[in-house]
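There's a structure below that I have some questions on.
First chain written, first letter: the chains are A, B, C, D, E and F, and each begins at residue 1.
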Amino acid sequence: MNLLLPIVTGVLYAAGIYMLLRRSFVKLIIGFTLLGNGVNLLIFLMGRLAKGKPPLIPDYADVIPGLYADPVPQALILTAIVISFGLQSFAIILIKRVYAIANTDDLDEINTTDDYA
Amino acid sequence: MKYFGQSAFFISSIEYEDNWHIFARMTAAVLAGFIFALLMPIMRRVSLGRFAILNSLLPLSLFVWFASFLFSGLEGNLSSHLEWAFGASLSFKLDGLSLIFALLITGIGALVFAYSASYMKGNPYLDRFYAYLSMFMAAMLGVVLSANALTLFIFWELTSISSFFLIGFKNKDEASRKSALVALAVTGFGGLALLAAMLLMGAVTGTYSIEAMLLQPDVFASSPYTTLILVLIFIAAFTKSAQFPFHFWLPGAMKAPTPVSTYLHSATMVKAGIYLLFRFSPVFTDLALWSNTLMTVGCITMVFGAIHSLFRTDLKSILAYTTISALGTLTFLIGIGTREAIIAALVFVVVHALYKAAMFLIAGIIDHHTNTREVTLLGGLRNAMPLVAVAAFVAALSGAGIPITFGFIGKDLVYEATLHQGNMSLWLTIIALVTNILVGVAGFIAAIKPFAGRLPDALNGTKAPGPVLWFAPILLAILSLILGISPGLMDHTLLIPSLDALAINTDGVYLKMWHGINTVFWLSMVTIAGTVLIYLTAKPYKYLSGIPAKLNMLAPQTIALAMVGSFAQIATAWNKAFQSGHLRYYVLISIITILAIAAAVHLPGFHWHFDWSMIRSVAVYEWVLVVILIASVLFTVFTDSRLAAVASMGVIGYAICLIFVIYGAPDLAITQFTIDTLTVILFILVLYKLPKYLKLTRTRSKLRDGAISIVFGTLITAVVLDVLSLDRPVYISSFYADNAYLLAKGKNVVNVILVDFRGIDTFMEIVVLAVSAIGVFGLLKLKVKRHDV
Amino acid sequence: MSLNDYLFFVIMPILAAAVLLVFVRFFIGPTITDRVLSLDLLITTGMAIIAVYSILSDQSNFLDIAMIFALIAFLSSVAFSYYLKQRKKND
Amino acid sequence: MRTWFLLNIFLTLVWVALSGEFGPGNFFFGFLLGFCVILVLARKDESKKYALIIPKLISFMFFFIYHVIVANLIVAFDVITRHNYMTPGIVKVPLDAKSDIEITLLANFITLTPGTLSLDVSTDKKVLYIHSMYIKSEESFIKSIKNGFERRLLEIMR
Amino acid sequence: MNENFIFVPLIIHLAAATIMLFAWGRIKFQRWFAILSNAAALIVASALFGMVWNQGIVTVQSGGWKPPFGITMVADTLAASLVLLTSIVGLAVSIFAAGTIIPQRVKYGFFPILQILFLGLCGAFLTGDLFSLYVWFEIIIISSFVLLTIGGEKMQLEGAVNYFTLNMLSSLIFLTAIAIIYGITGTLNMADVAMKLPLVEHPHLVEVTAIFFLAGFGTKAAIFPFYFWLPSSYHTPPDAVSAVFGGLLTKMGVYAIIRVFSLLYADNALISEIITIAAGCTILAGGAAALVQNNLRRLFSYLIICHIGFMIAGIGIGSVLAITGVIFYLFHDIIVKTNLFMVAGLTHRMTGTSSIRDLGGIYDKYPMLALLMAVPLFSLVGIPPLSGFWPKIGLISAGFTDHKWIISGLIILGSFFTLIAIAKLWAEVFWKPSKEIYARPNFTFWNKLGVKRKLLYLVPIGFLAALSLFIGLGAGVIEPVAERVALELSDTMIYVNAVFKTKQ
Amino acid sequence: MTDIIIIVFATLGSVFIFIAALGIVRMPDLYMRISVTTKAASLGVGLVLIGTAVYFSEIAVTTKVLAIVLFVFLTAPVGAHLIGRAAYYIGVPLWKNSVMDQLKDKYKDDENNELSSED
């Protein structure tokens, strides 16, 4: 998996960025979700992989015996997931409002702020 | 990031005799104008209206103070010093050169202040006018008195700004606004060149004290940056002093009220550039670039200005072009750089200020009383305003260099200078001769023509100007005469101190009216004869006035404006290309940039090696997971149905969740799953209100985007592979794992990190959610139509 | 053959194959409801995988994840069907 | 009925408190004990009904599990083999169940049974539309539902 | 003073936000309370600055975990002075907002969110931990989204789309960089990372993180070519919001670049080169675009970009003198840009429009106010000796000293663009005779406003104008601060020692 | 001994899940897929989970497992029912060999989606 997961990460990044480059606002948000997943996976990989060894201290011990998965990236991802959820949910509602006002989700039509007066 | 000792860089400027009284007096002299300007709005009632003339007390008292040095001498004491910031210091030094300029500034300032009281009577914004004028005066004094290069620049810029405000004083007139902008653009550009020059000189010499800079000519002679410094100084001086090809702002600046033209655009501000050249001539005068450039540009400007002045029929325009010509002469003289030339230049500064200020003021009087400045419409005013006519006559004579006026002395000195130049003296003399004749004619046209001849019917009933108006030109005319008859008055009061300041040998320097019959005398005679002859016979204003329009195509201002126009077009096009309103291009540009640089940095060092064991150790279910993940990612990207895309996002989330489970992150899996489900639900709840996917992009852009994203993904993969090939750094994580229970009493290390070791993050994460919730709430509920109540 | 080996080499492959099959249905659709259904089933299968995995790694904590799966997985089905009804209504 | 249930809970708590052991097993035992007490003490009809519900519940559970497993096996068989002889369709089943909770439970149990899927209830709550994989005839299907699940469920609920 | 004092500004903002949340919908209370709490924050921030100025760098470990295990909060001179500036801007803007933000927006939580924005800014300035920096950034982003969209006008939402997309992207890239940093050093504390990065086997990985950081922070700071979100969103929200954004948000990015690049990537010539090039392009792009704008606030937006270029250029040059210039510029820019957008609000109030073509006549109608408004405008240009002038001396002469001619030239060119843009603006907006002003429903023009409302406009503008005058005329006071910051930044070990409390 | 119990449970469970997976691929129309999968999979998961409970043989784990099974059995039919209803509502067709469709045209096209009980 030391080879496969980096590839999966790359695929997620690539897909996310491809979706960011579409014209539909919905696709854009989907792109962010994919990218967010990619980032999470990347952070996870940065702690290196340890199969089936969660960083939990057993009842009988004070420290974890033997190998264990790096807890720090996990903590970081937890924070990052929640934060990006906050942002994404805001963005999703934003889509709704933008559509209600502009009546399109085509980003090329939501660009009056760059028009020259 | 490198370290450069700053203290080593700024050698603290030469220590002056720091005397509080001197400092206070000098600073007060410079700052008085600023304070006065600031007080103007407050004392509006007091100082305007009938008492407006009292405003001239400020420049007058300054003049008197400066004039006192004429007699008490300048025994090297009048300098003062206070550190400001970044090497700039409030340090002022009064030497002969400064004194000449200071006297002109305050003296003509006093006259103009007084004159304006009558000229501008009834203008509702007179308070502003005086504020700007006194601000200008203060700034100009600052320029000529500064002993610190940066401080000089500061005041230099302030003169440009006050000039901007004064040119645009008639702010409702579009032409005024435009002229003000052009003037500011040109002089501002020059100002920045000056800043660069000063900083560069500071970098080369290690000091910003002008005095200390002037002590290091050898540094400049050997420094590789001298050429650059010179070019920058030239730009600064030429823009300010309206040298070709930067002259064009000056005629435009005539949109300002006449007192302003008199004061700023003929007598003082435009001479700031000349002052700068004077000031730094001691170190540069031996450089070929310096003298060649100045002589060439000066020559072109003086001839150009002189010729152009004949094409004009507007009084102020004529005067503007003769001013340009005179400024060219000054530049040219400084470029020659011999003792004679410098003397000639110094004297010519005063000469020109006296007669040109008088002419401008007279032109103002004419304009004010006849409502026209068109030379062809004017004539015969001598009866209506006899005193003014006399003053105009003297000024015209002085301008033409006719004996017993100060102008004669000036002209003589110019010929002296050209004749003693050396290898090119013949040509230079001829050029000077032609220029002088033309300028003299122009002066006659501007100052004599309106008063001579028959009074046109339209001007019947022109009233005589009041004393406040005629006083100033008369006084200037008298001064011109006094100095013309006894030029020696200047010798020890101004000339020799100035030459001292410029480090020029002063032995045997004296001015006199009569030099005997020599070449110079004949040249003067030819000049006078030519001037009178042409004026009486040719009457150029009758048939030359159409020419400027024809030449406009080639005029520098046309070229400059075209450049500005095309620049604006380019800027607009550039801006439209980049700020296109297409969000995806913004993203694309960002991504490509990151990708290009990061790939260029990373790929050369990419060191990962493939190893079959990486594949062999993968379990079946892991393969399945990876296959599903990748397949569903592709499905999300390529499906035509939004709902299917969302559902497949769900699949991706669950697959990642399972990866987290397999690699020992249960908390993560739970959170990922929950958040993923919530996102999907949220999406679905919003989605039904939205339109279906449309086929929006062409295949080509899809291919392009696809290629870019694949490369980006590859880069990320490469980076991750590289990182994974390094050893795992365990310092922090092992601390957490070892101490989670012992110190923080928690069995789940991840939870302990979240709530204890990195508690702030978690807390703030909650804040993010809360804000997001408020935002969503507001977004759904609040719909403001138009702002404000 | 130990329990772990059995689980690893027999059960897990069966479950993995099941997941793949379900995913095939997800992929070919043809209607959105098919996809939603397969999503549901994927999650259910995932729970089984987690359960087996918890035996394999001797970590009962993983069952918490299965619990969360069970609790909220059906929410997305609910949302999808809600969506489908709403969309029909809005058309 | 609720009072009896609460009483049962109360008795359970009393038992747990008295025995001083707080494990889930003890709770369960306490509940059983309380139930027995109620069963013994029950005189009136009201309380009788409560006492009888538990056995019914248990029998229903067994019935249900049996059904589920059998049906699953049938379905499994069908999945594996060819399915030409399947006779799927949607049948309208009139309801005896009245309240929302009854209908919901019934629909859920029907859905949980392999081969059948309750699709919708009419707005007036009179009929349930059920999709089934094996419809021999409309009547027999309706009968099997009504005599199977609905009857047993209603026995418990009422 | 106790080192825990670092937390006090954060606590004040947080508490104020919470209290105002509980006072949901109580408009009057929120307005006054926001002003009060920001005044309190200003006092505290001044005290913190004084503490840092007197005692040197102050650090505190959250939860008492010794570094690098807990989250470190570090108040060095840079952070402390920026917190101080944030509070100044906070006070000014909250006063301005009290006078300009309409009740509907206040009802939907404008002030609490504004307070949280300040909280995020202070936190980001003070934190000494990379991931924590990310979290603070996200707080800033989410609260700025909300501020940007609150009210839901069409323009606002459309601007928010651009703002959201590019900032979100930058956050993710920033996060990627943090992850890689963790992957190669195993730590997140900036001081610790600074010590461990040079030991990493593969320097190209370090450089990749630098690029990612640059892209991430560069987007927030709006440098070329990541600035596109700024001109398309900054002119859409209410003026008070634009003021905070213009004054503080991009400067956050600049701060992050300064902090991270001076600490983690000191002495990396390649990175400096890239930064310098980006800075040059930024100056050109922003300056040139500013010249052709017709909307007042958009013009200011492009000027922000241009001036960000100045600061980034200084970072690229990297000498102490240059950094002194950058810091000085930062101080000046925060005050002046905030004020500019408030001035834009004022002109809008006077004339009912933001289009430069339609504006006019302010000079004739309100001469004294025009004078007041001239202060930020000309400070921005850097008319000497106003505040914008001094740092340019530092920047340009630093460029000359290091023989970076092109970038120095571009700074000069950028100044020229600014000069022209502002002069044009002055001629158009202030000098040009005013056009017919139409009475609009629901819009009260300036001359109809009550004294109290007028004061709520003028007090903050005057306050900041006075400050920028002070920065300009009293440059001798500001310069030592900037220089001390630059010296602290010039040696990584100063920071590291302060964090680990090791003797130097 | 427990190992064998676990193996039996796990095998049975996974086989049921596999059958459900097979069913979802092989069944000809959506309604039958729903019918097949929901129950088989729920049963399968239940069995596997019970196996897990046996393996850990701790009360806490057992309770957890029971809870999970309960949830699965509560939520699965709800989900299936909702999906089926929505599918019919949006017009997903029945298999061509279906014997009857008594729900056809019973939805009234009005605001409340009224479903009639009349024939």
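FYI, a contact is a pair of C-beta atoms (placed from the backbone, for glycine too) under 8 Å apart; a residue touches a chain by one contact, two chains touch by 3 or more.
Since the structure is predicted, the reported quantities are computational estimates derived from the model, not experimental observations.
Enter the minimum step count from subunit D to subunit E; a value of 1 means the two chains touch.
The least step count works out to 4.
Using the touch definition from the top, list the chains contacting both subunit A and subunit C.
B
Leaving subunit F out, what are the touching components among the remaining chains?
Leaving out subunit F in thought, the network of contacts falls apart into A, B, C, E | D.
Pick out whichever of the two, A-B or B-C, is joined by more C-beta pairs in contact.
A-B
Grab the C-alpha centre of each chain and report whichever is closest to the global C-alpha centre.
That would be E.
Taking the mean of the C-alpha atoms as each chain's centre, how many Å separate subunit A from subunit D?
Each chain's C-alpha centroid was found; their separation is 44 Å.
Compute the distance, rounded to whole Å, between the mean C-alpha positions of subunit D and subunit F.
17
When the centre of a chain is set as the mean of its C-alpha atoms, what distance in Å lies between subunit B and subunit F?
78
Whole-Å distance, subunit C centre to subunit D centre, using C-alpha means?
26
Which residue numbers or ranges of subunit F touch two or more of the other chains?
22, 34, 38, 42, 76, 78, 80, 85
At which residue positions does subunit B touch at least two other chains?
Answer for subunit B, listing residues that touch two or more other chains: 579, 581, 583, 587, 623, 662, 664, 666, 687, 689, 716, 720, 723-724, 728, 730, 732-733, 736, 758, 761, 765, 768, 771-772, 775, 779.
Touching two or more other chains, which residues of subunit D qualify?
Subunit D, residues with two or more chain partners: not present.
Write out all the pairs of touching chains, ordered by chain label.
After working through each pair, the chains in contact turn out to be A-B, A-C, A-E, B-C, B-E, C-F, D-F.
Going by the contact rule set out above, which residues of subunit D touch subunit F in the complex?
Per the stated touch rule, the residues are 23-25, 68-69, 71-72, 75-76, 78-80, 83, 86-92, 107-109, 111-124, 126-127, 129, 131-133, 135, 138.
Quick one: which bits of subunit B touch subunit C in the complex? Just the residue numbers, please.
Per the touch definition, subunit B meets subunit C at residues 619-621, 623-624, 627-628, 631-632, 635, 641, 643-644, 647-648, 650-651, 654, 657-658, 661-662, 664, 666, 669-670, 673-674, 677, 680-681, 684-685, 687-689.
Which residues of subunit A touch subunit C in their complex?
51-54, 56
What residues on subunit E touch subunit A, complex-wise?
131, 134-135, 138, 141-142, 145-146, 149, 152, 154-155, 157-162, 164-165, 168-169, 172, 175-176, 178-180, 182-183, 188, 231-233, 235-236, 294-295, 355, 357
Which stretch or stretches of subunit B touch subunit E in the complex?
1-6, 9, 41, 83-88, 125, 128, 150, 153-154, 157-158, 161, 164, 168, 171-172, 174, 177-178, 180-181, 184-185, 188-189, 192-193, 195-196, 199-200, 202-203, 567-568, 570-572, 574-575, 578-579, 581, 583, 586-587, 589-590, 593-594, 597-598, 601-602, 604-607, 716, 719-720, 722-724, 726, 728-733, 735-736, 756-761, 764-765, 767-768, 771-772, 774-775, 777-779, 781-789
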